[in-house]
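Take a look at the structures listed below.
In the two complexes that follow, chain A is the common piece, with chain B as its partner first and chain C second.
Coming up: the complex of A and B.
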């Protein structure tokens, strides 16, 4: 499998640095940022395949980041990982297109499995779109790629 | 509005305040637990990596002397994180109860929540409350605000903890004859030995929607009489 471009976003520096180290030990290196602002900047510089995003952060909070990322970069899969989530947050995140919603604390292998699933889904969508594009059905291809962002 | 009405409103405001503060703290607790969990997890990963290196070196590089002890300790941290997380989640659900505008309560869910929170108090007297699994039917919804339902359930559980020790109390949620109730099935000897003293507020309770406890020999039944309009299907 190609290396997954993973972005971890959390203002709890201890948590996110440790998580990144453990992901790296499982052959999934990542970039780490500590705020919503940094996350948006990082996505602008290089869009990741998958983003693991905390919800409550100072400044731009996770829900805003999710909204903006899904709008501007619909192919970035966003996984919410929060200690502050409520059922309403979960509902809203899913409405905004979050791939999955996890609550902290979480087992690393469970999170890794979700990251891989999110990546696989992104690749599958891209392959289906490419097949349509090769067949000259550009509208269908565009539709598949756009559906991610809705 | 009378003095009693104003007191009730103030009480609700107090409960809502306590709930909001507690809920916010429980969220923060989850963050703390997550850091402990990942740090312990990283220690476990490093320990594993070190053992693998030692094995690969065919014994030239000595393994960590306390590997097994550390593995056990890391597993213990993991178990405690899970325990803390469950408690924190239960406390969070409890804290959100006062801000629920609901006038009805899911009886099975409320009973489960209560036992997850009072487990430690009960364990001190070696009592286990075991909630019987449902039959797959829809859980009874009772015409009673969640806070009142929880307080009634707590009242009965507390009365049992006072007099019992070293036993299991089966708890069954039912809705026989359209009368939603929770049965606390007593161990051998029934309610008379030793006598369970139920809170007066539950024994003397009257009226639709007010929880009411009765001793039935082998069990304590906490009933939640439906409001007349609901009972009539209105």
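Coming up: the complex of A and C.
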């Protein structure tokens, strides 16, 4: 299986570094950033497959990052992991296209399984998109043939 | 008027100040004092005018009755006085006429005088005799029953008076004749300047007849006096003729006048009197006040009776009305107090909820860090089979992770308590929701031998509410009930309709019950009696949900007897209450 490109975004360095280390032990290496700005930058440089995002951060907060990433890179699956979330936040995040919403603290295995599910989702999305793209090409070709036939 | 209003206002404010500015329920003593004040005030306000009216009536009536008795007496006296004056005037004119109509010489003839006397007595009664006296006071001729011819009167005072004044009317006296009589003397002067006097004696028994004509009641009296207070006629109660009247003479008045006084026996009397302008006489009538006022005493009795009855009625009505008023007041005060407490309670819960949410959020982040560190420790240990005391460390890490999970449960429930719950309404059958919820607990109940009795009213209407939230509510209450009852205990679940427009679901257990102190805090967050196992959030979440659904929850409990939770749900979903 291809390595998952995972991006962890959290201002709590203590937490996120340890999390990254444990993920790596479970064969899921990740990049770690500590703010919303860095996260957007990192996504621009290389879009990850899955992103684990904290909501409350200084500067650009998680909800903004989610909004921007889903808009610019719809294939990136975003998992929210927050200690501050309310039901309203959860609802909003889901509406904005978050793949899943987790509350801190979370069991590492649970998070890992969500990350894997999100990755599978991303692959499926990409395949569907590719199929549609092919269908588009087919349409284009038929259009040209129709014009030739006249 | 304004001053009175101000005083009244002050009294009112003073009386009712108990009702303002107090958040506590008024104590029974204060209601009693308030009631006393209102009753007192209302009674005074009602009784004072009544008293005033009774007093005014008393005096007016008395005065009117007095006048009614006095006026006829005065008029009668006046009339009788006129009769007396007429009588005297007639006699005086007759004598005067005789004196002027005949020359001295003719009158001096006794034969002529006797003839005139005879004619005179035929026309006017009361004349006893008639005499002619010359200017020297010698009786020249005389007609009458007594041998008085030639008698000398020059020394007597009446003679000098008649010589000066022209006419003289004497007081009544006995004289030689030994019966009460009076004299009328008239002087005449002819052209030649010769003076003579005609003198007539009048029998005063005529006076008695005039007084008898007044036809007074037996206890009344009337008599004639002179100005010195000597009786001129015999009275019934105040002495015989020529005796002195035992009552002091009233002030002079020619009009008939009436005074209230006392006689010599100390009896209250009306004394009517009138002085004669032409002579020295005074006519008097006496009527005892006691008999005259007999009607008045009766009226007075009636008046008093009505007054007392009125006062009693006022007190009764005032008392009853105040009673009602105070009762209403008390009820509304208590309602107000209850509403206030509920609002206070809700605010308390809401602020504690916000605090809880804040705390939960802040704790979650460090908790997550600890979680990862402990997890990492365990991971690392897993990779190092040769680590000394490895098993022990793994156990320790597991213990940390377990504690973290417990902390997480608590913070998540705290957030659950505080979160704004979105209610999703659907039409549901409350019995069905209850039965579903009960099915979760059947196993545990069976295991512990607890009987759950269901008395569900199948005719209940379907209501719009939130199924999930209701299940949580029922589950919370039933869990508590299960925890409270002993093994083989009993829980009764009932549904029914309540007023107004609500469904009532009650949960009665025969468990350990709660103390009054516990009961007061039972819906507060973090209040728990299950030390170590409970978060103290179950019932406060339940309370919050029920309030959100527009319902209400009540609890009664008796230590040792069990607890009754009653949930009220509106039949029609209300707009969601403030979150």
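FYI, the second predicted complex is superposed on the first by the 131 of 150 C-alpha atoms of A that agree within 3 Å, B and C clash if a C-alpha of one lies under 4 Å from a C-alpha of the other, contacts with A are read in each partner's own complex, and residues count from 1 in each chain.
Criterion: a contact is a pair of C-beta atoms (placed from the backbone, for glycine too) under 8 Å apart; a residue touches a chain by one contact, two chains touch by 3 or more.
These numbers come from a predicted model, not from an experiment.
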- Task: Examine A:130 and indicate which partner it touches, taking first as chain B and second as chain C; both and neither are also allowed.
- Result: neither
- Which of chain B and chain C A:88 touches, first, second, both or neither: second
- Task: Check whether A:108 is in contact with chain B, with chain C, with both or with neither, and answer first, second, both or neither.
- Result: both
- Task: State whether A:72 touches chain B only (first), chain C only (second), both chains, or neither.
- Result: neither
- Task: Go through the superposed model and pick first if A:19 touches only chain B, second if only chain C, both, or neither.
- Result: both
- Enumerate the residues of chain A that count as touching chain B in its complex and touching chain C in the other. 12, 14-15, 18-19, 21-22, 25, 83-84, 86, 103-106, 108
- Message: Touching residues of chain A toward chain C in the complex: what are they?
- Response: 12, 14-15, 18-19, 21-22, 25, 83-84, 86-88, 103-106, 108
- Using the touch rule from the top, collect the residues of chain C that touch chain A in their complex. 357, 361, 363-365, 367-373, 375-376, 379, 383, 404, 408, 412, 415, 419-422
- Note on the structure: In the complex, chain A touches chain B at residues 12, 14-15, 18-19, 21-22, 25, 56, 83-84, 86, 103-106, 108
- Note on the structure: Listed in rising order, the residues of chain B that touch chain A in the complex are 27-31, 33-39, 41-42, 45, 49, 81, 85, 96
